[in-house]
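See below for the structure under consideration.
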Amino acid sequence: MNTIWPIALITFKEGLRYRVLYGVVVFAVFFNVFAVLISGFFMRDILKITLDLCLSVVSAGGLLVPFFLAVNLLSGDIEQRTIYTILARPASRANYIIGKFIGLGLLAAMIVGVLTCFTLLAVWGSTQIYPEHFFTRLSVSSILMSSFIALLAILTLNSTVVLWCCVTTSSFLATLLTLATYVVGQTVEDLVHFVSAQLPGVDISPTVKKVIHVTLYIFPNLAAFDFKQQAAHGLAISFQEVSLVTVYGFAYVTAILIIAVLYFNKRDLP
Amino acid sequence: MIIINCNNITKSYTAALSGTKTQKALVEFDLRVERGEVFGIVGPNGAGKSTILKILMGFVRPDHGTAMIDGQKVGDLNVRRRIGYLPENPCLYRNLSVTDHLVFAARTAGMSKKQTRKRIDEILQTVNLAHAAKLPIRTFSKGMTQRAALAYALFLEPEILILDEPMSGLDPLGRHLVVEIIRQYKTSGTTIVFCSHILADVEHICTRIGIMNKGVMAAVTTPEELVGADQGEHVGVSRLESFFLNTLSAVSN
Amino acid sequence: MKAWGLLLSFIVVCFISFFCVGRIYDMHTGGEKTEVSRLVYYPPSLVKALVLEFPGVMADYLMLNTMVWHGEKILDKIEVKPAEWQATYLGVKLITELDPRFLDPYVLAETSLPWEAGMVEETNELLLKAASVLKDNYRPYFFLWFNHYYFLKDPETAGMYLEKAAIVPGAPQFYKTLAARMRLQSGNIMSGIIFLQEMLKETRDAKTKLFLQKRLDTLRIIAALEKHVGEYIKQFNQQPENLSDLVREGLMEEIPRDPYGGEFYIMENGRVYTTSNLVQLKSN
């Protein structure tokens, strides 16, 4: 009998009991209303302002999972030994890791889904207030696509959190490492651009260049998952790019989870 | 027939950052338990009681030696399926209810919904928690939590029960309940390994008693042997207690 | 008794809190209302890295900040120092680095920087960036046409940009004929009038509207004056020495006042301009 799905469900259920989730909903409603109102201050790009803010709330709300829930549900599991409850059943450690990852993914999908609905509601509300011609560029499919890819980014980050929680013994350290991964993941592409460009007066040692290039391949390239601006401007998101990013996300997650499982299998859980 | 067989197990814990081995939890430890036996492990704090039980569950890997259950390596999923485990400090999810936990256990065993409901009602009656089935564990008293964890361990009617301090933190009523439950499983032929420092309980329900100290099994005895044993200088304490104290002083000398 | 004491202290601290908030607010509104964000002085690539996956929101925030700051300075007729124009320019540059497709900052730059700070080259640089990303928007090319025509007096380059603007879908129909007309007309006042009319059509903010309207009115006055000068030349075969000649000869009833507080004058080539340079004079 497969134990992955029960573990995912119990993780999801446990995550749902965190009140911070309801805080996110309140925060999102507040922010979306704010977005609709503030966009009126601008001359032309009303739709863009609304979507900028709302889609950022989608991403930020989703980030709650890796930064808060994942660390609590994984490191906390090991620290407080609730993991015994799960491993006392015939669940292998690999199943534990994958089940936890899927459970966290379900939580992220729920948050992103709800916040995307809020975004669409905010846009609809905006069309009721402001003249029609500001919304000629509105593309619901781009909004949905952007949210889907934002979810992929969160899943990718989640996989690294799973790894950090497996290799560290404290949730504080896991949070710090997650934060570092996120920041590096968001900026590494820009850094590579920077060191690759032959800027006059900037001399970068070959070692540094190499290190940064390697970083690009090791850390998740989270910036690649950011389609908020395209969606905000109503540009079509190319199918090729989306599929490439999706395949990248899945491959990366699988690789990281394999490392996590290998390490976790060796680890004592005293 | 031997069902649990631990051979020459040594285990040290490693400090998290320095990687140096700090303390030896088990030293060349042997344990053999027959099918249907109730084996009680007693010993002072830090004797390695919990460690051996965690090795039997596969949570902790021994540095040396082998641990087998029914001819298979510990940690094997087919073995673990047949074990019910009660951890030392009940490690249940604080925000979930006891029913949530039991539903999880049922799902891992592929139980039907109808069967699950029936079994949950049954087990909660047994541990006297039917009134709190839907409440989150964080609202439970320590005794209730312990009973909830016991319900979780017993839920799938395991062949082997591994109980880490099952009586700790319980009031006399709760202790009586747990002792009764263990007795009930003993008569149905379940193999039970448990550790405790409440010697009186151990004396009453075990078929064999092992005394551990500093990672070694200092002595193994039976309740029958205790009846005829010499109490020595320890007067006014139970037979097991005097045997326990004698053994420990013999070891330290 | 205790409850009353508690209630009393609660009321007292509430009053203290309200009083302090009020004072702090007054203190802040006394001098400069808004500060331009310090971020505009950092290299755009650094800011871009710092805002992680939220450059859009940051661009919106900076735009709002620049708009309010700029609005207070310009619309409230406070003299703007060159360093402050530079800050506006850097702000727009940063915003458009964070979100190159954001149209508002380009419009803000175009309606202020070349007019009042003489930063035509800088504005053109921004507009070329806009044109390269906003391929389906005619405005960047329209603005480039205007800058080249009106400020740089380079009708050929200007004409090229206007043709580019005209072929963008959604561009006003008259662009196609405008280029030809511009070549026939000798002055560049008309281009200013067309530009401001276009800007006014898209502006909703009342203050900005007034600001643009004043400029448009002034240009219309100049256009009318130039027309009368032309009539004078036709009639007398020579250029009037100054504008009062037009009144003396009965071509006009009086010389209109410059809304910016300057005085209109005739240049040697027969063109009319004003001493205010279309910037509010302090004496007003």
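Letters are used for the chains, namely A, B and C, taken in the order the chains are written, and counting of residues starts over at 1 for each.
Here is the rule we use: a residue touches a chain if its C-beta (ideal position, glycine included) is under 8 Å from a C-beta of that chain, and two chains touch if they have at least 3 such contacts.
As the structure is a prediction and not an experimental result, all values here were calculated from the model.
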Chain contact graph, described as a line, ring, star, complete graph or other shape: line
Chains most often in contact, by C-beta pairs: A-B
Cα-centroid distance, chain B relative to chain C, in whole angstrom: 80
Inter-centroid spacing, chain B versus chain A (mean Cα positions, whole Å): 42
Per-residue overlap in chain A, given as positions that touch at least 2 other chains: none
Chain C partner contacts - residues on chain A that touch it in the complex: 38, 41-45, 48-49, 52-53, 55-56, 59-60, 153, 182-183, 186-187, 190-191, 194, 222-223, 226, 228-229, 232-233
List of chain A residues in touch with chain B within their complex: 1, 3, 5-7, 9-10, 13-14, 17-18, 80-92, 169, 266, 268-270
Residue ranges of chain C touching chain A (in the complex, touch as defined): 45, 48-49, 52-57, 59-60, 63-64, 67, 99, 101-104, 107, 202-205, 208
Residue ranges of chain B in contact with chain A within the complex: 13-14, 16, 51, 54, 57-61, 77-78, 80-81, 83-85, 87, 89, 91-93, 95-96, 100-101, 104-105, 107-110, 136, 152-153
